[in-house]
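You will see two complexes here that share subunit A, one where it goes with subunit B and one where it goes with subunit C.
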Partner chain A sequence: MYWCFASKETILCFFTLILIDVSHPDWSKINKHIFILSEAGKPIYSRYGNEEKLVTIMGVMQALVSFVQDSDDTLQSLVAGNRKYVFLVKGPLILVAVSSLEDSVPQLQLQLTYVYHQILSVLTGAQLEKIFEQLRNYDLRKLLGGTEKFLHNLLDMMDRDPSFFLESVQCLPIPVHYRDSIASSLQHAKTKSLVFAILITENQLITLVRPKKYNLHPADLHLIINLVNASTSFQSCESWLPICLPKFNDSGYLHAHISYLSEECPACLVLLSTDKDAFYELAESREKIIKRLTVKSNCIPVISEAITTNKYGLDYIIGSEIWHFLYKSKTYGQFVSPKCRPPYNTVEEQTRLQELYKYLHHRMHASAKPLKLVYRLRSQEALLGWISETFELYAVFNPLVSKTVAIGNVKRLMAIIKQEEDKLFIVNARTF
Partner chain B sequence: MTEKSPSTLINFFIFNTTLGQEEGTEHEKILFYYPDADNIDKQSRSVGLSEAIVHFCGTFAPDRPCEVVQTLKSRQVFYQPEENFWMIMALTNKDGNNIVYHQDEVQDQALQSILMLSYKIFRLFNGPFSMTFNESVDSCRELLKHFFTRFIKSIKLAQQDLQDVLQGIRFLPLGKQQFLKVQQFINLIEANFSNITYAQLLFDDQLIWSSLDLDHTQILYGYLTTNLLPNHQEAEVASSLDPNMNRYCLFEPLCTVTNYLFITGPTELGHAASIGKIPRIFINKNGKWEIFAVIVYKVLVDVYIDYYYYNLTSTIDFFRKLDKFIGPQIKQLTFDIAEQNIINRRLSLTEMQYRFIYFNHMNCAFKSSIYPKINQPAIIGPDLMRLFCDIHAEFDKSKSNEEFLAKTATDCWVVGKIADQRELFVAQNLKNGSLLDINDEMKKLVGSLFGNIFYFNS
Partner chain C sequence: MAVREIKLCLLGDAGVGKSSLVLRFVCDTFNACSESTIGASFMSKTIEVNEQSYKYQIWDTAGQEKYRGLAPMYYRGAAAAIVVFDITREESFHTLKDWVKELQQLGPPNLVMAIAGNKSDLDEMREVSSHDARTFADSVDALFAETSALTAKNVLELFVEIS
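Let's look at the complex of A and B:
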């Protein structure tokens, strides 16, 4: 009876998750639904509620999509008040998002694409096509069984982590010479079939080594981060599992060797190989890496410290004037952001903060009329968005601060980021 | 680069969900459909899809009906003017040979305002949909066809902008003295003619007085300034160019002698037969729709217009009496107002330095240096105008006092402010200007143009 230990909210959430359907009074209160169905209208997944009970509504979705298809067109979105309905047809799947949050239509389309990629990461595109070619009415849940938690986790992450709409990754701030020696340790463990070696912690990247010819797309990296985050089983033992990275190659699997550096250090090492029998080969690589990290450079305690204290981060900039910010370096394709402090210290407020960023991001990137700078003063906060050739900055200020003071703060912030650039970002890309 | 063509209308239809409930009779739902070249099957499909979408959205939020549908090739806007009635309009445009709808071509709110406005004008002349619908569905279809076929021809998609969304009223500011004179004049008319219920007074396209409520004033003002009066003027210009036209020759003596005339009503006070057709309008008086006639009376000195509503029966005697009563009084009043207008024009020279739109939600007052005249296209680029529309839509959503400053990709600054239901939008070119520079510029503008509005001075 684990429930005894769960908070009342979690239990409530759990029940809502299972019991809710269209007739439930809380149905319309849910702020973001995600549905996946097959082209034949068979339910595959629903973020809330049991998809069995949602057969009718998913049938309607399928009917709408195919009705529009009949006239040689594609249904994209509906808007009703503050609620957006976004449809995405990908291969044999129909994905639908219903959101009353700030997410714009393009942002929701991106999220649905992520959901689709998550499914591909389990099945590969080739297999998915083949299944539905053979049996149009196939119940895909048979093959996806057990992977729902990864979808759930991905969806939760997309609601609170800016990496997704920024299409970039956040790095763990760490002094450059430490980062360099960590990367060298990874480089030294190269084997025949090793493609990517990645060291991550929670949602931050520590370092990444890749082949000269290939890049790891942020979208693929997010899937790996989600995989590590969604499961606790990797902490106890070395794991070996196939994963398809759709941007890298959507028709085949890579094989991932996943393990934590040590019991004390919450950094996770992911080694990706093209060979499905390479477990022992990669386990050996892991041993080499750990040995080098402990004996040669003593990096493990540095990583642990960076994770727990965030000593090298930018948290100290946050104060009574500037409340929070996101800074994305276009040069490195990475971003930095401080930990949330008051007023963003509750889950509700953090969600709201993400909403503000999503709004600002969309406002600045709206395709027909992109903007260079936006300053919006609202009763709760002042928002600043600034895009140049090399960076994107999104910041939230105390609404009582004058524009002069706000601009002063921004200048200071930019100077500090410039100065600490090599700590905040991975500035030297490493290859095998 | 491929040529982008402007948006074009695919269809425009109105349907009632209570009709055609049985399978195979879905086409009965349709009350109006444009283009009528579409066959019944295609019409039923369009209506069927729209209804399905309405239902679908209803399962998630019953109180928020669907507003916009986006497909790869088209954009549809929905409007539910009355219970069970839906108005739907779909647009498309071509990108070279590919039909792909450009999402940002025309702003959603501007599109919806077309539907809303068309409905309100319809209601003004015919009463609500349900009124005729409940009498007879067939006559309702006839009426809609008669009205909307003409309306659709007048839609200018490319020109739809913030002006259409706001449906504002340009007021003519008057001094206290003149304002009291106007009020006295109106009161005298309403007191002397018991069948005159409401009165409105306009100078050129600026409103001076209206005794109607705001909603009706707004719609009637819009109709008069964008439709009736420009049409009348055109006819007048045409007649002066073509002196052979009999009808207008009859006009001549009247114009030169008295300098004023009825635009709706008798063309000649000596002939009872010349009363002609007087427009009827529906006004919601204490929750009941009542029919009124509109009489527009115009003084030629300075395009000065004045009209009255009264209960239906009208004899030539009434017009003679009205003419005799108004005639002598209005001359002095016109003179005063014209004088004030000259002063106002001088003031507006300062306004012309800036490119702005001001709108007050409380009285729908609209002021702008961007439109040379009402119903004319804006003098700022469509990109800036779309940004204005976007900012307005965001203000509309948040409903609190806010400020918005933005620098576009072409280095132009756009500023929006909303305070106590007053909105101000400004576009300003400031080469290499910073956020602080534009902030100073705004302070200057607000100081010189809106110094008397406390809320903007923060």
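Let's look at the complex of A and C:
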């Protein structure tokens, strides 16, 4: 429930604003800030600036949260001026997002949940609880040292990449018979302790093999993708590290063997095991997989080509009428979108495009009044959102096209996606 | 000719240059903005010394505190361990002493230990004297070298000496 106590809220919020403005002269240029603090108000992380210098603001945030907690309620969000303040209390942590972007409150809450999961992936929920049970005043930065880059990268990705608010993953488009033989190679390398075998490239999934009993939640997969994306230290060696996947099991670690297929191929193989001593076993699995991919099916050049040229994607659909789109298949829990072309070829424009999608997504999913179909004409583009039983479509058009032409385009797009479905999505789920 | 395998692990405080030493040895390069290692990484390299081939299997571990509990897994099966400190940071020399103690107590009995004082190119910022480091290395029966992953000084020599 939303906390509503206008006068005090306004006063406290006013304080927060003043404090933030004073401590950060560039604050006006920042459109989304994220803070993490402990329940005792100790700074843990700040997206911008030095968290050490933000002790006072974090103190105010902690006071706001505990003030509301005292009346057995939960502070979820505040709005002050053009900024939203969203709070998430998870276990012993308080996470705060301050945003002047289009993100809705539920979208910001989801982002904070991802941030929380990122911390769990390093520490596990069990360890986090234990640390603060023993010492309420603990400085968590000691244990998170070296992993700040994963938080930074995650936050940047969430501003650019629709996977997060769509809660699904994007696949690398490749012909189905190649994908099948890649998956078979992974299946053949099964060992006793191997749970998931995943092949990814940048932010796209190539294939995934899992046990019959377990699914890999997209939120967990995003953590793995973020891990691989945020670090260059996995290149040219085999890495072995513990990782907690909170949706799979938030109280324990899995152990990840991470390596690239070859110097030339930017596809990263992640093998997850339940056994912390299984490195050599998985290194052997990796050898087998690479051998099979090279000798038996010659898939590695196909993967490289699909990554560099985007040969099998839907880029050709983009033209003078339809400028960009996101299509999420609810059946497969995956989405597809073309590469950004002009006018969306700069970082600023790409961020603005994401803002449009977030706005559209929120309009359609607003809990008070969910919508099936939305058409909006904005000064720079026309927006269309369409949700059915099996898909969600978000598209942007040239603002000068008529509704009829836009709908004609959408029909054509849907027909092509249907026709190329097995290339765009992982349609055959593989298990060990 | 038979290839001799040497299982080796690197230990030491965060930021002392363990990964940079490995990178210098394996690829003979240096990356000024290298990132901190997550977990541990595994690399191998074969070299020839006096007509004998040695295959080094190297575990490069992360120095951060939270990964400390994982270290036994890497040194337990190792034939040699290189414990690294940064000559410009005295604190890293204290951490090194803890590592040496741990290896003496829990490491395998025949483990060859080497101590590397890295960043020897930054002599003007030195906080740990060569003499102190060498005396300590002698007292624990470890090999000792002052290395620089940046200039490559003593890096190959150190790895060869272990063989």
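Throughout what follows, the second predicted complex is superposed on the first by the 408 of 432 C-alpha atoms of A that agree within 3 Å, B and C clash if a C-alpha of one lies under 4 Å from a C-alpha of the other, contacts with A are read in each partner's own complex, and residues count from 1 in each chain.
Everything below uses one rule, namely that a residue touches a chain if its C-beta (ideal position, glycine included) is under 8 Å from a C-beta of that chain, and two chains touch if they have at least 3 such contacts.
The model shown is predicted, which means the values in this text are computed figures rather than measured ones.
Of the two partner chains placed by the overlay, only subunit C lies in contact with A:A283; subunit B stays clear of it.
In the superposed pair of complexes, A:E238 makes contact with subunit C only, with no contact to subunit B.
Residue contacts after overlaying the shared chain place A:K247 against neither subunit B nor subunit C.
When the two structures are aligned on the shared chain, A:R378 is found in touch with subunit B, with no touch to subunit C.
In the superposed model, A:F67 makes contact with subunit B only, not with subunit C. After overlaying the two complexes on the shared chain, residue contacts for A:R141 are found with neither subunit B nor subunit C. Judged by the touch definition given at the top, the superposed model places A:V122 against subunit C, while subunit B stays out of reach. In the superposition on chain A, no contact is made by A:R352 with either subunit B or subunit C. Partner subunit B is touched in their complex by these residues of subunit A: 22, 27-28, 33, 57, 60-61, 63-64, 67-68, 71, 73-83, 85, 98, 100, 105, 363, 366-379, 403-404, 407. The touching residues of subunit C, when paired with subunit A in their complex, are 14, 19, 27, 34-43, 60, 62, 64-67, 70, 73. The residues of subunit A lying in touch with subunit C in their complex are 122-123, 142-143, 145-147, 149, 227, 231-234, 236-242, 256, 276-277, 279, 283. On the subunit B side of its complex with subunit A, the touching residues are 45, 49, 52-53, 55-57, 59-74, 102-104, 108, 383, 386-387, 390, 397-398, 400-409, 411, 434-436, 439.
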